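Just below is one structure, and these are the notes that go with it.
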Amino acid sequence: MSDALVQARGLRKCFGDIEAVSGIDVDVRPGEAFGFLGPNGAGKSSAMRMIGCVSPRTAGELQVLGLDPDVDGPRIRARLGVVPQQDNLDTELSVRDNLHVYGRYFGLSRAAVRAKATELLDFAQLTDRASDKVEPLSGGMKRRLTIARSLVNDPELMLLDEPTTGLDPQARHLLWDRLFRLKQQGVTLILTTHYMDEAEQLCDRLVVMDGGLIVAEGSPGDLIARYSSREVLELRFAPGEQHGQRAAVDELAERLEELPDRLLLYTTDGERALSAAHQRGVRPVSSLVRRATLEDVFLRLTGRSLVD
Amino acid sequence: MTALLDPPRATGAALPGWRATLLVVEGLWTWYRRNWRATVISSVLQPLLFLVAFGVGFGTLLDRGGRAQQVIDVPYLVYLAPALLAVGAIQNAAFESTYPVLSAFKWQRNYWGVSATPITPGQLACGQLSWITLRLAGSGAAYLLVISLFGAARGPGIVAALPLAVLCGMAFSAPVVAFAATVENDGAAFNALFRFVVMPMTLFSGTFFPISQLPEPVRPLAWISPLWHGTELTRGAALGVLELGPALGHTAYLAALVIAGVLLARWRFRARLAR
Amino acid sequence: MTGVIEAPAPGRGGPLLRILPPALYAGRARMLMLRSSLAYKRAWLTIFSGFFEPLFFLVAMGEGLGSLVGDLPGPGGRPLSYAAFIAPGLLAASAMNGAVYDSTFNIFFKLRYARLYDAVLATPLGPVDIALGEIGWALVRGGLYSAGFLGVMTGLGLITSPWGLLALPAALLVAFAFGAVGMAATSFMRSWQDFDLVQLAVLPMFLFSATFFPLSVYPPGLQWVVQAFPLYHAVELMRGLTNGVVGWGLLGHLAYFVVMAAFGVVVASRRLTALLLR
């Protein structure tokens, strides 16, 4: 038995005929930030719910905090902090009461919850809204409160399902900052996200899921090195003209991708590829050299077509 | 990897069932403490208004004598008051077991929040039902207090009617909570429940008039209705005419509905929250 | 661009179009009704079920209590069976209930949660279109219920005069007035908790407006109070029409609802304008 906080082998989840997770192996080590990436319907949330012990697995092995969710669900959940995809705060209660009631569900004493609520209000920068109802709070405030609420039991493992979806950039950065602090304190984080910059910012290690399976695994740097080039050259043309230019630049890149109005050249040196293209008489409307990101990896692995 | 020197220790704990159930009740109480005012009209005032309209207003037409005296041998107000205690319990049960439950699954989603804590779906269902029991008892007690002030109570038997009314309400609430846990859409099914179950039950369960006034073939319908059993019990207790045999029968029927409802509700909560 | 504000030709489109600026009224209230009819296509059970409530009351009270209470004095002092006494009252009450619930709960949901009207106002339609369209839909629904219930009354022999035919338009007027006032009231509501106040207005009216027992039961002072309730006038109107006891007094009841409807529409439109076009 390893020291992994979460260990899954051949984990599967079916809803009737639909297989949401088709056998995945996952190890999450203490203190790391682990990410599930993938398009909608890839099985991320189902995997998260199984790890959160609120969804019994169909097949495979799963251990969370060294315990079996099927047997010890409540004992495991007592040590988890869960931030769901959709806020499920009690909007008719005050901000402080939300923390209070939730803390009591974990069996904490009234005095302990009272002290903890004050600490968490400060952590979430909601102290001056403590006695307001939740209903009128902004999306960012609600999200911060949801995260604060998930910390009420000092969790050893946090599960965050798309923690920053729908937030403005200020709110996202504030949340990232809070999550960094938790990580620093030794809390293990597991998160799902659509945002590649978020994954690059937060995750030590991640898996890309597609169609219920893990299609790649590694640190953000690893994945970029493995599935993309160091740089990307984007050549933009009037829509339709890019196709005629394709042959001219084909051999300048390790990989070439054609979109309706541009060509993407994956290469180690974008500037050099650009001047080579100019020498061959290619005249794009505009051009851009940028570093490859996790988004390039993601699109390569999961495709560009819409999934739902 | 960072700061493994001092790995955090979680403070949460798994809880014994009774404690988890109480904590759910406590959470609902926290809500109620701030929002009770809005529930007073529908939960306490509604049965009182019916009592005034029919017991006092309509009653003056009856108590002038005639056929009514052969069927109902006490003043109509006294006849109606304990029955409306049971009606109130049923109607409050219907309301408390439908939209609030659906909302906690679908709109507010706070059941999902609870499901991520050590509290299990089954404990959550029990907590919700315990809370409804308390609400029915509270509303019933308030109703009794008011009617005893205006003389519709006859003797101490009406106090015994309160737990019987609560039992009657829960015999309806528990199955309805189980049903509400299966509703996925916007609750249009509740409209049908209110109109095709609650409303006819209120009218045809021997509350406003004995079921002997109904045509022979439809009387057995009243026997299924928990409200008929509840009315027989509360009225019998309040008027001091309850006999042991029938009382045990009615109580057993209501208790069976409660038990079946609790089991169904636990099952449906599990099926929905731990998919 | 295919959306065109049709400039109303002079004399066309009714008086409202000439009085109100196009920002408030585009003369397309029927589009809101079309939308409601589409939305309810799937919820026919909800509509259908509303018809049964007065029917259950009629059967239970008419049969069960009727056999205990005997005949009551109807309009003009003529004796009526208990079922015949309460049936017109239930007709009036169902017109009220249908209109009030449609114009309070449903409107509030669309206003605050579904944000339907924000989407509507992004089109040429204005707040007056919304007010009229929604009240109009409540009327269609109320009209269906009333017609159904009148059919039942006819079947049970509870309508004794051809004047009873007029009970249908009368019920529509009653529904319109309650719908308009209900909508106006909804525009003042802040949360679901305020809806208990709707109950507080509707339930006592239902129970105490001479629906289930005659006005003579009350002491004289209270009789004046009951006569101030709108539902009392609706009940008297229906009772007069279905029993063919028609006099100038009925016009007084009618006038009550005309004034109430006008008041409701004006307040509802103003409030919706204030709420939506900020």
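Descriptive notes on the structure:
As written, the chain order gives the labels A, B and C, with residue 1 at the start of each chain.
Everything that follows uses one rule, which is that a contact is a pair of C-beta atoms (placed from the backbone, for glycine too) under 8 Å apart; a residue touches a chain by one contact, two chains touch by 3 or more.
This is a predicted model, so every value here is computed, not measured.
Distance from per-chain Cα centroids to the pooled protein Cα centroid is smallest for B. Ranked by distance of CA centroids from subunit A, the top chain is C.
Summed over C-beta pairs in contact, the chain pair with the top total is A-B.
Taking each chain's centre as the mean of its C-alpha atoms, subunit A lies 45 Å from subunit B. Here the CA centre of subunit A is 53 Å from the CA centre of subunit C.
Chain centres here are Cα means. That of subunit B falls 31 Å from that of subunit C.
Counting partners per residue, subunit B has 35 as the residues that reach two or more other chains.
On the side of subunit B, the complex with subunit C involves touching residues 35, 37-42, 45-46, 49-50, 52-54, 57-58, 60-62, 66-68, 71-72, 188, 191-192, 195-196, 199-200, 203-204, 208-209, 213-215.
The touching residues of subunit A, when paired with subunit B in their complex, are 15, 29-32, 49, 52, 54-56, 72-75, 77-80, 82, 84, 86-94, 97, 100-102, 104-108, 112, 149-150, 153-156, 183-187, 204.
Residues 43, 45-46, 49-50, 52-53, 56-57, 59-61, 63-65, 67-70, 72, 192-197, 199-200, 203-204, 207-208, 212-213, 217-218 of subunit C touch subunit B in their complex. If you check the complex, the residues on subunit B that touch subunit A are 1-15, 19-20, 23-24, 26-27, 30-31, 34-35, 108-120, 273-275.
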